[in-house]
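Okay, so chain A shows up in both of these, paired with chain B first and chain C after.
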Partner chain A sequence: MPASKTSNRPEELTERLGAGVASVDAGSETLLKVLREVKNQIIGNKTKKLTYLHLGAVPKVVSILVSALDSGDGSTAASLVVQSAAALGSFACGVDAGVQAVLDAGAVTHLTRLLSSPDEKVVDAGARSLRMIFQSKLSPKYDYLQENNMKFLLLLLNSENENVTDLAASIITHSCESSTEQKILCDAGVLERLVTLLEGSLCQRDSSLDSIAAIIRNNSESVSRFVGIDNGKALSCIVELMKDRYPRTRLLACVCLIVIGHASSFYVQEPEIKTKLILILTELLEESGRPGDEAPFALVSLIANKEDLHKQALSVNVVEKLCSFLCQAHIDGKRLQGVLLVLAELCSNLEKCRDQFMSSKVLNVVADALKHDCPNVRIAACTCLTSISRSVKDLLQNLFAGYLAKESIVIPLVLLLQDSSSDVQVAALKAICNIVVDFMARKTIFLQSGCVKQLVQLSKSMDCTLRLNAVWALRNMMFHADKIGKEGILSELTESMLASLICDSEPHVQEQALALVRNLVDGCTDSIERMFVEDGMILNAVARQVRLTSVPEVCIQGMFVLGNVAAGNDAHKEAVMTYFLPPKKDEISSAFITRFLQSTDSLLQTAVIWCIVNLTYPDSPSSSARVSRLRDAGIIAQLKNMINNPCLDVKYRVRTALGQCTIIEQNSS
Partner chain B sequence: MSVLGLVLGQFSDLIESMATSKKVITREEWEKKLSDVKIRKEDMNKLVMNFLVTEGYVEAAEKFRLESGTEPDIDLATITDRMAVKTAVQSGNVEDAIEKVNDLNPEILDTNPELFFHLQQQRMIELIRNGRVEEALEFAQEELAPRGEENQSFLEELEKTVALLAFEDVSNCPVGDLLDMSQRLKTASEVNAAILTSQSHEKDPKLPSLLKMLIWAQNLLDEKAVYPRINDLSSAKLEDPAV
Partner chain C sequence: MPVRVVESSAPSPAPGQDANPGHALPPACTLLGVGQTFAGTQNVSSSQKDEAWKVNVRIQGFDPAHGYLCGIMEALNVPYAETPVVTFWEGEIIDSKNYTFYTGKWEATPDDDVKHWSQFSSFSPLLSQVKADGGKSLDLSNYPYIFMNSDQLYFPLQRWKEQYFVNVSVDCGLTIAGFYYVCFSCIDGSINGFYYDPNSSPFQKLELKSTNEGRSGFSFSSYQLQ
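Let's turn to the complex of A and B:
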């Protein structure tokens, strides 16, 4: 290695930075050289930044900055200020640890001093550095509520220097979140100034668009204020910028328009503008850097939960375009995530979108994305699968099942259940949940994949979202499963585990656990038997939950479980009857059936009546005894009052139940 | 832009009036129509200044400013800096160019990973060109490989560049074009464009696009009329219509 090279090693340079602080007064040219060398090494180079951070270079640079500022005039001092500011700005660019180090070293206060320098180069350097810092989420929020701060911000915003106005705009974008902050900025006339900046240079235009979006986001008052500027000139200016030749400007203008549309449906409501937004954002995907990375997210925020916009997107071939975009080349993390989310959104609703999705080769890309390094991409891939599996068309189902059979999806998806990120786990659970419901072919694939073991593991998680989704997936897997399938799930899960899930602290988990049991005892006497093992542990838990809970959804699922058990043999019916009307006169428990029948929730009423229908099934030997017990408890009378219930389901079930009772009483008399 | 608008406006008028059949327009008629188009001298001057500035003819721009009184839309001193960067890349002093860009505006390379990579790549190409194989390898490992890890497409380009080392006769190898002057020019123009963009200046001069629009408009007009056409852009001579 050449001798000159060694002197440029980060370790040595950092050491010399530290030694140099003392010599600032002397106007050390050497120190300037070292500083410049460090700056040139770190710009654009993440690895080097981390190396220098590790060596503790940042506080040293800040010390140099401070001594140079304090030493007053002199061209070397000014150069030291410029170089150290540039180095600090670069440390704060693109590396979180760098921003943190710069903040910790107290650089912001010192850099702010640069802004009042008479030397334009010093002002530029300070403004650029501060802007880097304020672009990071890590930097503290700027407090507009303090009058002095607001004055200072306005001073910056009204500056002649472009870098300074850009800084002001970044501060606004960074720190404007609450509606109070938005209002203060509006009242100070910031929007008007930003609109003038829209006519400024390219950079000013872009940073101004960013800030405008921050001030009007979710705030209909600021939106109408903005739209009112110069009789709507501001708005039409943004509509023009949507077609600008610079991709970044197009993106930012689109984001502004989306924000305006969200805050108030009165503006930006013409379908043509929305179609244009969809088209422009789709085209932006091909652009490098921020425009291409952020365009899909803007698109998702535009079309989310809006079926009319899904249709519009479909009509301009967005699904096709996105699919071929994904298939054509390697796409980096953020953009891949964004595109997958757009596809997931579009396929969540329209069968036609799913059609186009499935007929492209894009499912292979999704399969690969399940194994992507970045957790957000894995989540997006899961979300896509969730949307696709919503399809009700046989053709698509078969196609999808064909893919699943190839295991390129099932295996990575099941592996995601053990992902280190719980968000990924939840996304994978939701996908599995959707995929396994009601389709035997898919269920079998998952049952054979070792998935159940993982799900059971997750249903014991401390994290209630994980627990909920795991139980939900098991519930769907249990739905219409064959005998072997049900046995498999239950033996993995165990009766005691199931009983404790029914009594979970979270009502949502209780509901899913009960629904799981409901699916287990659905029309199969053998499975009903499982309810009675260990002294009827599961059934006891069900009855207890139904009796005690005040959450209607839990009652409903519980009643459906009891109804399904009551569809079994005479012994099963008797058992349910015991919970319904305990032999000892127990007012609280008899009250719960009465209470449910009086409920305003017709699904709950239906569930109870189904149960009664099963209990009073005429061919069953002890039915007549049960009918008279029900009559004694006043339940038959209550049913009679419901014979003209406005809900058809309730009405017909009531008639069936009463009809059965009449037959039984006629037979016995 | 106002000149552009005027010229285009005039053409679209013509296009509309001749939409029905292919009309013949004589030279006299044509010249009369052209003389009706008023073009302001200041606009012309601005276009010329824009060309000089964007292309980096700093001395010419300065002289033109003095003679015509046209103010450039950019500080002329920055042109000198920009040209110095461009020249440095074109003559293979990439390290020097990088330092100059960073002095000009440290954000350019910090926020433009692709450009930064291409400059580093060019630096390695120069090392290879000068036969400093060991240094080139070390540079690839220390500086370029981490960038390749961050970005798949960089990795592919890096592999191509490293491949230069595998050939004895680089001038004849499949990746030999990396050593061409054209590669330097490509990198230089990329830096040039990035600097211009950072100065909020359009990276291309307006005159060429004006001429492109002229060609486009003529092509459109060809379908509807026969007229004195400009075929040679350098002389802008009106050719008599061939009837």
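Let's turn to the complex of A and C:
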């Protein structure tokens, strides 16, 4: 006999879910079929999940769960509970909107009721579903500080049911952040129980490793407690798991060991273990899923800012391996980001790493990553370029070889200066900062690509990090620029903009702006003339900032500006002299040179003395008059007191200055 | 500075160096800072004739933590060369931490090292100790005027090795196989050095002075890497 065809369209299924709530008892078999169908459709299918979410399926599933729980102990009711719990778990898996919908529908409370069911299948379903929910960052933190919550957690952790202990471990991993929470869990004996679970099933082992890492992270007391368990057997167990046949277990064991090493350098200090960690994490890159995605991030956390480990990584060919991995077929965003960050870290210090990187011809991959859809990959690519371009040798050699060519690197980097993410903009600025140093004075590529225009725009940003890095890049670009380069930069920047950056509210910006001016006036006297346009707007700003600031770094850059101006002609020297010793009695002005010479910062002292050396340079016509004025102001006497300064640079610059003064005075007498 | 190839001596492979030319730390001697320039001569006299080539040097990178510095060397009146020949060099500062007196490469024996270092008067007090163990047991604090130890330096001793030609090709008929033993004076920024290449004339003297490039005083520029 022909029957009416049942539709499996999400709209109709969702409608039937809603209709079924009222008839859990009457039409439970049909409802069960609908639930199963929905669950099967959404497992692993993000699009379907989103469709059902938009149709409002989640609250309806929660209602079915509640009705079934309240309706009694019948086998169909139990099946409905299991299927609805599984559907909710699936909604919460891997889709933020799904987790949010499940949380909004109040599912956690009802799913928790399942854990006390006498029916093992119901308990399993509840535990699995809750674990999915607690794996998401969106789910609320579990409050261990409440006694009842802690008791409940221990109950879960000590359960014989594998899914329940797994849930307990997930809750710990999700919610253990502060040292207070770590201590409470330690005091409750959680670490000991987790160590026992390391001998359990694969799932238990992995979730235990995750939880152990959460409890001991950045906490040397927890680490000591962990290492003390069974006289170090727990630690040995993790060292063994580092070699486990399952990639995920290897990754988690490595992460645990890294966390232990970070919290207390006493443990995991043998170079052999560190080399093994480096090798295992590098090999894990080849694995699919979480192990491969997270391995590079674990590797970065292991080697960050540790030159000895960079050397170890280099010795086991990690740079080579990562570069060849990058050259393989398409790599997914997260893994690509991770690998680029590892390379950036390794190339941040060691020239040998940079050499290997450059010879591996992976710069094209990095150039492509600058255009990647994911902002984090773009940031990682910029960070990698920043590290590579820390090499003076490579900057010179590769600029010549054309690797850092306009089309492949400079233009994409300049485009990133307009990225919608300010983090990407900052990362691009840092890379540009290094690349523009360009020792061969060929700054035209940056002028032609619109780079200077963008940098000037960003130096007006309200965001002080953007402003700082933009001015920093302009400062480096001005370093040893030729006349055309300097003119090009200054015509975009303008004197008034430069004067306002010197007086910026942020001392770091002031320092970079002054260093920019220092580079501008280094070189031919034409450059120095730029300081005197618009009634000496820039020079006035420099002198004002130097007089008023209390930040040594700002004073140092300001004094080097004045010193470079004083290396010009007689008129330039006289101009600096007016700031040194103003004609009108001005206590602040006349005091600042004396104050700087008394500074405890030897570089500031040196900068002031170089300025005096230039003011008293023997070849200049008015040097004799300037020496007299400096003597009258007590500066020469102050220099004499510094003749045995403990800083040799100060000591010998003082001797140069005094030697020049003596020659000038002898010649004029 | 490159010298004319007289025999089939191939340039030695560029040694890898662990260096970070970041410039967070200021140089202990401002005259040895990035951007500083020096000018002078290298005596390339042989038994046949007296000859000296004009040389300019500019410091491009300086990283005291790794005992590293680098820069550009320009040889001006190289015979048969159409333009000044520019090379990139890397320097090792003898600090007994990153680098010792013994070169151990570039075909220099310990005996060659001692012979060359002995040309500098600042080395004399260390001679016996270096002969005994290469200077490994030297107490650096007793010799602040030589070692780049903290910010106390006076006559830092260095080795400069040219790594590649910047503006001419490798087959230009010149060689940079050798390297320089260098003594820098922080008092006046003068540089004395001796070029060593077993295939070239011995003890070719390099003499450089800090230059002002036409200015009436000393000027200092700077960059800072991220």
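The rule we apply is simple: the second predicted complex is superposed on the first by the 646 of 669 C-alpha atoms of A that agree within 3 Å, B and C clash if a C-alpha of one lies under 4 Å from a C-alpha of the other, contacts with A are read in each partner's own complex, and residues count from 1 in each chain.
As a working rule, contacts are C-beta pairs under 8 Å (C-beta built on N, C-alpha and C of every residue); 3 or more make two chains touch, one makes a residue touch a chain.
Quick caveat: nothing in here was measured; it's all calculated off a predicted structure.
Colleague: Putting chain B and chain C on the same copy of chain A, do they fit or clash?
Modeller: These partners fit in the superposed model.
Colleague: Answer with first, second, both or neither: which of chain B and chain C does A:N614 touch in the superposed model?
Modeller: A:N614: touches chain C, not chain B.
Colleague: If we overlay the two complexes on their shared chain A, which of chain B and chain C does A:T47 touch? Say first, second, both or neither.
Modeller: Only chain B is touched by A:T47; chain C is not.
Colleague: Tell me the contact category for A:R518 with respect to chain B and chain C: first, second, both or neither.
Modeller: After superposition on chain A, A:R518 lies in contact with chain C alone.
Colleague: For A:L581, using the defined touch cut-off, is the partner it touches chain B, chain C, both, or neither? Pick first, second, both or neither.
Modeller: After superposition on chain A, A:L581 lies in contact with neither partner.
Colleague: Put simply, what angle do chain B and chain C open at chain A, by C-alpha centres, to the nearest 10°?
Modeller: 110
Colleague: May I ask you to decide whether A:R390 touches chain B, chain C, both, or neither, giving the answer as first, second, both or neither?
Modeller: second
Colleague: For the overlaid complexes, name the partner, chain B or chain C, with more touching residues on chain A.
Modeller: Comparing touch counts on chain A for chain B and chain C gives C.
Colleague: Which partner does A:N569 reach: the first (chain B), the second (chain C), both, or neither?
Modeller: second
Colleague: To be precise, I mean the smallest distance between any C-alpha of chain B and any C-alpha of chain C in the superposed model; what is it in Å?
Modeller: Chain B and chain C, overlaid via chain A, are at closest 35 Å apart by C-alpha.
Colleague: Looking at chain A, which of its residues have contacts with both chain B and chain C?
Modeller: Common interface on chain A, chain B vs chain C: nothing in common.
Colleague: Quick check on the complex: what are the chain A residues that touch chain C?
Modeller: It is residues 307, 311, 348-352, 355, 386, 389-393, 396-397, 400, 430, 433-434, 437, 439-440, 469, 472, 475-476, 479-480, 515, 518-519, 521-525, 560, 563-564, 566-570, 573, 602-603, 606, 610, 613-615, 617, 619-620, 647-649, 652-653, 655-656 of chain A that touch chain C.
Colleague: Spell out the part of chain B that touches chain A in their complex, as residue ranges.
Modeller: 98-99, 102, 105-107, 109-114, 116, 143, 146, 150-153, 197-198, 200-201
Colleague: Where on chain A is chain B touching in the complex?
Modeller: 36, 39-40, 43-47, 86, 89-90, 93-94, 128, 132, 162, 201-204, 288-289, 330, 332
Colleague: Per the contact definition, I'd like the list of chain C residues that touch chain A in the complex.
Modeller: 16-22, 26, 28-30, 35, 60-61, 70, 72, 88, 90, 144-145, 151-154, 163-164, 166, 186-188, 212-226
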